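Consider the two complexes below, in which subunit A is the common component and subunit B and subunit C are the respective partners.
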Partner chain A sequence: MHIKPFQEFAKDKIGVAGLVLILFLFTTAILAPVIAPHDPWDYSASSFQQPSKEHLLGTNDIGYDIFSELLWSLRTSILFGIAVAAITCTLGLVLGVSAALIGGMYDMLVMRLADALLAIPTIMILILIAAYFKPSTTVLIIALSLVLWQTIARGVRAQTLSLKTKLYVKAANNMGAPTSYIMYKHIMPELFPLYAMGFVTKARIAVFMEAGLSFLGIFDPTTKSLGIMMSYAMRYLYLDVWFNWLLPPVFALSLLIVSLGLISYAIEEIFDPRLRRNNATPI
Partner chain B sequence: MISVKDVSKSYKDLRVLSDVSLALDEGEILALVGETGSGKTTLAYLIAGTIKPDGGEILFRGRGVSDIDRKEFAKTVGIVYQSPRDSISHRFTVFETIAEPLHIHGEFDDESRGRIESALREVQLPVDEYFLQKYPHELSGGELQRVAIARALIMKPHLLIADESTSFLDPSVQAKVLRLLLDLQNERGISMLFVTHDIGVARKVSDRIAVLHGGDIVENAPAHRVIANPEHPYTKQLIGVAKGGG
Partner chain C sequence: MRNRTMKVVVAYLLTIFILLFLNFLLPRLLPGDAIIAMYSGHEVVMTEAMYAELVRMHGLDLPLHEQFFMYLSELAHGDLGYSYICHASTADLIMGALPWTLLLVGTSFILSAIAGIVLGVESSWRRGGRFDRSLLTFMLLLDGIPSLAIGITALTVFCLYFGWFPSTGAMTPYSGAEGIEHIKDILWHLVLPLATLTLSMIPGDYLLIRNSMMLTIREPYVLTARAKGIKNRRVKYLHAARNAILPFATRIGIRIAYLITGALFIETIFAYPGLGLLTYHAISNRDLPLMQGILTVSVILVLLINIVVDLMYKKIDPRVGYAY
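On to the complex of A and B.
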């Protein structure tokens, strides 16, 4: 059945809600250098100030403005999520499609590598990488992307193998179409649902992983991060700073993950007719 | 025009065709008749040059098909498949479907719309914008098969292969599509390879009938002679089934 994904998405209230939320967070993150009232890497007042007009969320243990830190941390999370999702999905797409088209030993090697990565806990690999290299944002983006591509590659490979047997693909081949045409016109558009779904899912995982890793201290300490904010705030909970220091990054992170979750739910519903509410048969 | 000489083809251990020889003249309609699994579609695809034989050779106007550039040869052969719902992408509009061969062969230009409209008129379909922008799920089986025929003919092929092209259609639509194929073949004077399991349909449309059984051609003669005086028991059986005699 032919699906017009953008029109369908526009009709999906959950998806639109997620998109509005993510656009709000995205705009805030982009505008962080403009709207942040203070330099988040510099003292702006004395330590542990309560929220005020000057410092909307107060200041932390070393006198940094928490609101400015929050905006810059959100920026890091979104950048991390987008970068990891883009690299992961591109890697998964290239490896999955090539494995399906080339086949043979190459296919076997790629799939065994994917199986191996599925079996090893991601967090352990990241801790080892972080221990060996300096855990900068770039290193962690690359490391996480290298261990998250396997599910995309497996899905893409299975879908490509199935598409190869479709009569309209064979028909294009019989018309003399080169592989590049078949890829561009027939295979890639059919993989779009998988790619869109994978992108949102991996972005969500990456955002969560970044916060988790930085909370554990496996992140560049000079980078502003929601996880680092939470980690520091936890140390001073006895000072009753939870509502202005711990809660904002937790809330921002939750909002980010929930908005990506809503979008992912909407995409899944659009491309899987069984999940469409208006198709449900009344009992 | 097409000459098949001692062609054989196997899929792994399964021998599908054994030393098959066949000829198709210019402007002739040859029906290739056989049951499912008899190798008729394999033979049609071998003739179309989309698969390679294990042995023997296929000549197109005296040149080996394997020696001709595949893309160039694809232009000379149009194929209409059994199920239009499967052979046309669900994401393509009528216009995009018929324009596909033009895109593949780099011939899509300002005049393409005229060519597409002309092809649609030939298959007796509307040419208005509303129809051109319809998707396969908005068309009936008969309309869709006509779109598939227009796509097969847009490059003005010398050979049209109809691979069970009417077997998925309702009997009334089947008759109309058959009539259309015959009219187009007659107007253009192109050769046609009509692949079918129904010898009754083969008799109606073809000049000559070749019967495939177990990977061999067991009968190859003018259609009227095959129907009136079948030589092979399998042909007799097929005729019996077509007449409803079992």
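On to the complex of A and C.
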């Protein structure tokens, strides 16, 4: 690979902005138990308080401190995003590489399954599964990963197929290198852009899905989640709580998704130099 | 070409298999009992006789393959089950909601496509310039803001704060308005949900078209067209953009799936009486037959659109006929 991804990334203002934002949010989420001024499950405060020194964003309908709730919800979102992205990438990588190497019927089935999953509004599947099983967060993470792997598997498969025909792979093969060695040494590193990109995009979708599904009431209502906060705040709109209760989770969610979007755009640009903004138009 | 047809057919069959698995097999594989699952959480005291009657009605005492044929024949007759929460046939409920969703999703699809294509083409043509850079940054930011957030913000600002637009429904109930007034009323209710859904779709279209235009602009035939002295606008739209929108056409099916997901949230926020709001009610009431029905209808809808796109694709891009 002739691109030095990290140097390129450091030069990209959009990417760096995204990275700074995400690091900030990530630190906040990790430190939530330390920073949060109150226990987010403590409902001893009186309800519907306006923002004050004691309660930075006031309290909600049952006396939870909204600011502490927000920090814990951010934590849920980020953990959910990371977990789904990690499982999805692994799944996509394994299925994509194996489809490319094994070929035949197996390849056909995996890829058509990927096509099918791309066409169905996957959120409907999740809603139905959630309604049948009332699943825990872990099960939902797995279920979401099971319907999101398709784009990664397609990319990985196409790339592996083209790498298989490269001369250096053939050379390694002729010198008697086992398939596992070729995989590990020659193919996997070349696929790095695909999973770097995949990880960020999938984390972004997962964060959105978590907020969306909890907004619709799929998750256990006692967990802290940005979507649950929004859906409860929506019920008390007539009390003028939108400023301190509804907009903070909306803003936090947008910030999280925007920063992931900026990073994914920067990565795409690094690995596909034809898209770079500062390139002068050749015509 | 035969290979391509085969691929498409297998993908459709798998989609239908997933649908059948979710709607037919999964409830029957559940630990416990489908009847209990369906009625649990509702305030129903189940007597022995009621239970036996329900088992007989759903055909759960039959062998599995007979149940399957029963399910298929009901499906073929357009019978999607009965919602015990709403006391209505699921198919009727869905047919009542579907037109609103189609209106919302269809209009939004067209508007966002036009805006995305025009902005993408103009932006790529001025690559690196101020217009391109500021539009790109704006679109990247907009792309990050989830439809949920756009919808909630629009609701608080335009409905609650300014009170310019209605916050619920698709038309004013019992207004008795007819003709032009009625249409105006419907459009009035449509504005905010439509704007939200469209705004959330534009950045994706824009980025796709911009990227594909970047590559098309470098093609020799664009240079030739310019060298011949053809007007810029003609080169942009008739020579370059026509080819640059091909990746857009392939993704129509995927975009429809996105739109339906987006509509789910936006209809819930604005209480717009489409499939999304129906799904939300089904979730809050644990109305399983209704959820299954909505899943079936939305999958069939997406499949039909995909079939149309697939059939048209060879016309749009004749190269696929040779390539496969």
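Just so it is clear, the second predicted complex is superposed on the first by the 274 of 283 C-alpha atoms of A that agree within 3 Å, B and C clash if a C-alpha of one lies under 4 Å from a C-alpha of the other, contacts with A are read in each partner's own complex, and residues count from 1 in each chain.
Note that in this section contacts are C-beta pairs under 8 Å (C-beta built on N, C-alpha and C of every residue); 3 or more make two chains touch, one makes a residue touch a chain.
Owing to the predicted nature of the structure, the values given are computational and were not obtained by experimental measurement.
J.: Counting only touches as set out at the top, which of subunit B and subunit C does A:L237 meet: first, second, both, neither?
T.: In the superposition, A:L237 touches subunit C alone.
J.: Who wins on subunit A residues touched, subunit B or subunit C?
T.: C
J.: Which partner does A:V250 reach: the first (subunit B), the second (subunit C), both, or neither?
T.: A:V250 contacts subunit C only, not subunit B.
J.: Would you tell me the residues on subunit A in contact with subunit B in one complex that are also in contact with subunit C in the other?
T.: On subunit A, no residue contacts both subunit B in one structure and subunit C in the other.
J.: For subunit A, which residues are in contact with subunit B within the complex?
T.: Contacts found on subunit A: 1-2, 166-168, 170-178, 181, 185-186, 189-190.
J.: Quick check on the complex: what are the subunit B residues that touch subunit A?
T.: Listed in rising order, the residues of subunit B that touch subunit A are 45, 48, 50, 70-75, 77, 79, 81, 83, 86-91, 100-101, 103-105, 135-137.
J.: Which of the residues in subunit C come into contact with subunit A in the complex?
T.: 7, 10-12, 14-15, 18-19, 22, 26-27, 30, 37, 127-128, 132-133, 136-137, 140-141, 143-146, 148-149, 152-153, 156, 160, 207, 211, 214-215, 217-218, 222-223, 226, 253-254, 257, 260-261, 264-265, 268-269, 279-280, 282-284, 286, 288, 291-292, 294-295, 298-299, 302-303, 306
J.: What does subunit A use to touch subunit C in their complex?
T.: 14, 108-109, 111-113, 115-125, 127-129, 131-133, 208, 211-212, 215-218, 227, 230, 234, 237, 242, 246-247, 250-251, 253-254, 257-262, 265, 274-275, 277-283
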